[in-house]
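Structures follow.
One chain, chain A, appears in both complexes that follow, with chain B as partner in the first and chain C in the second.
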Partner chain A sequence: MKDTLAPVLRLSAHPDSRCWYVAWSPKGSLLASCGGDRAVRIWGKEGDNWECKCVLSDGHQRTVRKVAWSPCGNYLASASFDATTCIWKKKNDDFECLTVLEGHENEVKCVAWAPSGNLLATCSRDKSVWIWEVDEEDEYECVSVVNSHTQDVKHVVWHPTQELLASASYDNKVCIYKEEDDDWECRATLEGHTSTVWSLSFDPEGQRLASCSDDRTVKIWKECTPGDGDGSTDGAWKCVCTLSGFHSRTVYDVAWDRLTGALATACGDDGVRIFKEDTTADPEQPVFYLSAHMPKAHSQDVNCVAWHPQEAGLLATCSDNGEIAIWNYHSDA
Partner chain B sequence: MALLSPSDDLFDSILMADDRFHVEGYREGFEEGTRQGMIEGRNHGRLHGAKLSAEVSFYHGFALTWKYLLQNSEDVKARKRLKAVESLDGLIQKFPYEDPQYENLQEDMERVRAKFRQVCSLLNVAVDFREYVSGSAGMAF
Partner chain C sequence: MSATAARLENANPLIFQRAGERLLTAGEEDEDVADPIDDREIFDLIRSINDPEHPLSLEELNVVEQMHVNVNDQESTVSVEFTPTIPHCSMATLIGLSIKVKLLRSLPDRFKIDVHITPGTHASEDAVNKQLADKERVAAALENSQLLEVVNQCLSTRPV
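So, the complex of A and B:
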């Protein structure tokens, strides 16, 4: 294996707590992290070191589960188990809480900004997915509530180019939503995982979706086109590849690198794995191979993997032990 | 007990009694069980139907009240809110009260509930109507 994953640095981001999630700002100059200590931390590079620039600790009463940057990089959304989502506005080097989105009955599990920046999606243990619209005056209005899952909704992610939303749930399913007469509706349900689906990631072009699960597999789904000739309806998705046998525990996160096309996974066996696609394979039956594996990347569960948006191969991960690690992935292929 | 025909073995009726009583007992028990089950099922259905109706009726009253309140409002946001309230009312109007065997009852109910929550969010009304709503949160059988 010529491909390598080398450690760059390690930060004790949320000491004595879990670090749940990390997110790079769109330009990649800042990294936001959140954790069980109810805080969001903003990290920036100072020379060769990464330093904590800011601690947002007064927004939430309970664990902060996920953070997301707006596409413009001026806003940060944080989803918390206290049933609220905070929107933070960047002001010089500081952040102020602009608004608090309420409405979910209990733990908010994820928040995601649409590529346009005008829509925001949140999901919760209350089984619902909410879509919010942002106007010019920074006001947020709920445009739709969708109850398509029968259990806790773990993750939401937007399509990179279209206004299409995907959600993953404890009910083992993935739902794809589209707007229909002012309301958002579930247009496709992806069934195949045999346990909780934890996370999702679209490929750089948005033609395929990767899902990872408690069933220790990663599945690759592709949107059916009317020309496929297999009688499938428009807007349906089919599983074209299952990565099984690689992970020995739950796969908590999956991330498709927009720059290199590599697929990274975060696993409950403390390892980080990078998969590459065999470019010679039939696009209808893609083949992925394990390109790099870092066993014991952290001393506990790895919760998140995030590719740097501009520097190819730079990967941030975080873990139950409260740490953030940054890695450099290099591939000869 | 039926009279024995002369051709029957005298001991048959004694030896087969166990079997006969078993069959009779089963039939009687089955009939009684069916009767009781019907009553129980009917009560269960009535109870859940009432709960569901109460919930939908509550949403209906809520929607109508807000419709009247918003109709004459000058607020720039009123139009958007009115539209959402009307959409909730529309879902309730379509609700099939008459058909107890309607297949998509649960799905439609979820849709009404979701719309209600969106409307509450738009109107800044705290969703704390547990007395009206949560009584029929799930249908358990």
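So, the complex of A and C:
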């Protein structure tokens, strides 16, 4: 491991609370954080420092679990344990709550925007995934409710370019959805993890999907194409690699860097790890190696890892201790 | 009283002898000696938790025992196994949650706290263990004021 992960700065983002998640704006000029204090905070760079630009505290009654920026960067969605999702519109340096999406029976665990910005997905402990359509007047309409999971749905993520959605659940499975005759359907179910799947990340090209789990492994899934010659059907996904033995507790988040292809993980053992792919290996049987490991990246569980969208190697993490940390990952390889 | 008893899942539980008071050693009384957290200290934190349906402590019902407490101060880990009084006990999750909350509130933040059912002692052992290990669901449960009140009742000190 000659690659390095160097600390850049630490922010006490959600004091006396948990910081559950962080998300970079598409240009990377802002970082949104959310936590157990029911607030969303927006951070921006001032000289060499990062400062809190505003606090969105009047949107939710309970924990804000995750936040997501629209692809244009003008909207922020926040998913809360209060069973709602708020859509915030950026106005100069401030944000106003544009609308509140209701319908889930209990805690909303995740929200994600499709690459077009016209679709939004939410998922909940009520086992469902909802797809919302956004029109030009900023009106949101639920176009589909999919009940493919049998348990709490933890995470949703869109494909980087296509209208393809993936979800991860407490039922140990990953589902892939596509629109079919005006309705959204589960097209593939990815089985292999032996406990809760906490998070997902597509690779830069969208051909593969990384999943992380309470079973302490990360799995890499690849979409099967009819030309594979292994008899698999179009649209099916198979596990092509399992990263096991690297994490000593639950892996809460995984992020594939679109700029460098490095894979970062957030773990319940307080560590942050970076994996690189061995480019000489057979693409059908990829090999990943641990290229950097920060054992005590935070003093408590690491909940999220997020790569900066423009600056290669810049990584934001957050923790149960309420802190955000920013790291610089440098690779000689 | 008999009407209440009729609703209890385990109306006549076995009651066990409580452990004696902890004996302090000279080293522990010396303020200058670093004193790691040990199994007995963890046991003392959870032994007096009230059972949700009996006016008895988890120790008196043998739900918690010192031999099922495992602490490693250096590694900052605590593992507690608890034994429901009957294999179909519907209170198992609540009891586990009370143990977890007591330890979360009492121990330094650096500790990783794992609470499990003693293997082979409950019909839904895996499901209860998975629920207790899911910190997101534990966090959501503790934001539920009714549930939090029940947990706080289990953790309150009874008048002797």
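In this text, the second predicted complex is superposed on the first by the 333 of 333 C-alpha atoms of A that agree within 3 Å, B and C clash if a C-alpha of one lies under 4 Å from a C-alpha of the other, contacts with A are read in each partner's own complex, and residues count from 1 in each chain.
Here is the rule we use: a residue touches a chain if its C-beta (ideal position, glycine included) is under 8 Å from a C-beta of that chain, and two chains touch if they have at least 3 such contacts.
Source: prediction; values computed, not measured.
K.L.:
With the two complexes overlaid on their shared chain, look at chain A and say whether chain B and chain C clash or fit.
P.N.:
fit
K.L.:
So, A:G103: does it touch chain B (first), chain C (second), both, or neither?
P.N.:
first
K.L.:
When the two structures are overlaid on chain A, which partner does A:D182 contact: first (chain B), second (chain C), both, or neither?
P.N.:
Only chain B is touched by A:D182; chain C is not.
K.L.:
So, A:E141: does it touch chain B (first), chain C (second), both, or neither?
P.N.:
Once the two structures are laid over each other on A, A:E141 reaches chain B alone.
K.L.:
Once the shared chain is lined up, is A:D253 touching chain B (first), chain C (second), both, or neither of them?
P.N.:
In the superposed model, A:D253 contacts neither chain B nor chain C.
K.L.:
Name the chain, either chain B or chain C, that contacts more residues of chain A.
P.N.:
If we count touched residues of chain A for both partners, the winner is C.
K.L.:
Regarding the shared-chain residue A:S128, is it in contact with chain B (first), chain C (second), both, or neither?
P.N.:
first
K.L.:
Output check: A:R62 vs chain B and chain C. Expected answer is one of first, second, both, neither. What do you get?
P.N.:
second
K.L.:
Could you tell me if A:D215 is touching chain B, chain C, both of them or neither one (first, second, both, neither)?
P.N.:
neither
K.L.:
In the superposition described above, what is the shortest C-alpha distance between chain B and chain C in Å? Please give a whole number.
P.N.:
Distance of closest C-alpha approach: 15 Å.
K.L.:
Can you list the chain A residues touching chain B in their complex?
P.N.:
Residues 102-103, 105, 128, 130, 141-147, 182-183 of chain A touch chain B in their complex.
K.L.:
Quick check: in the complex, which residue numbers of chain C touch chain A?
P.N.:
109-110, 112, 130, 133-137, 139-140, 143
K.L.:
Please give the residue numbers of chain B that touch chain A in the complex, ascending.
P.N.:
80, 83, 87, 110-111, 113-115, 117-118, 120-122, 127
K.L.:
Looking at the complex, which residues from chain A come into contact with chain C?
P.N.:
So the residues of chain A in touch with chain C come to 18, 36, 62-63, 65, 81, 106-107, 109, 125, 152, 154, 170, 195-196, 214, 249-250, 268-269, 299-301, 320-321.
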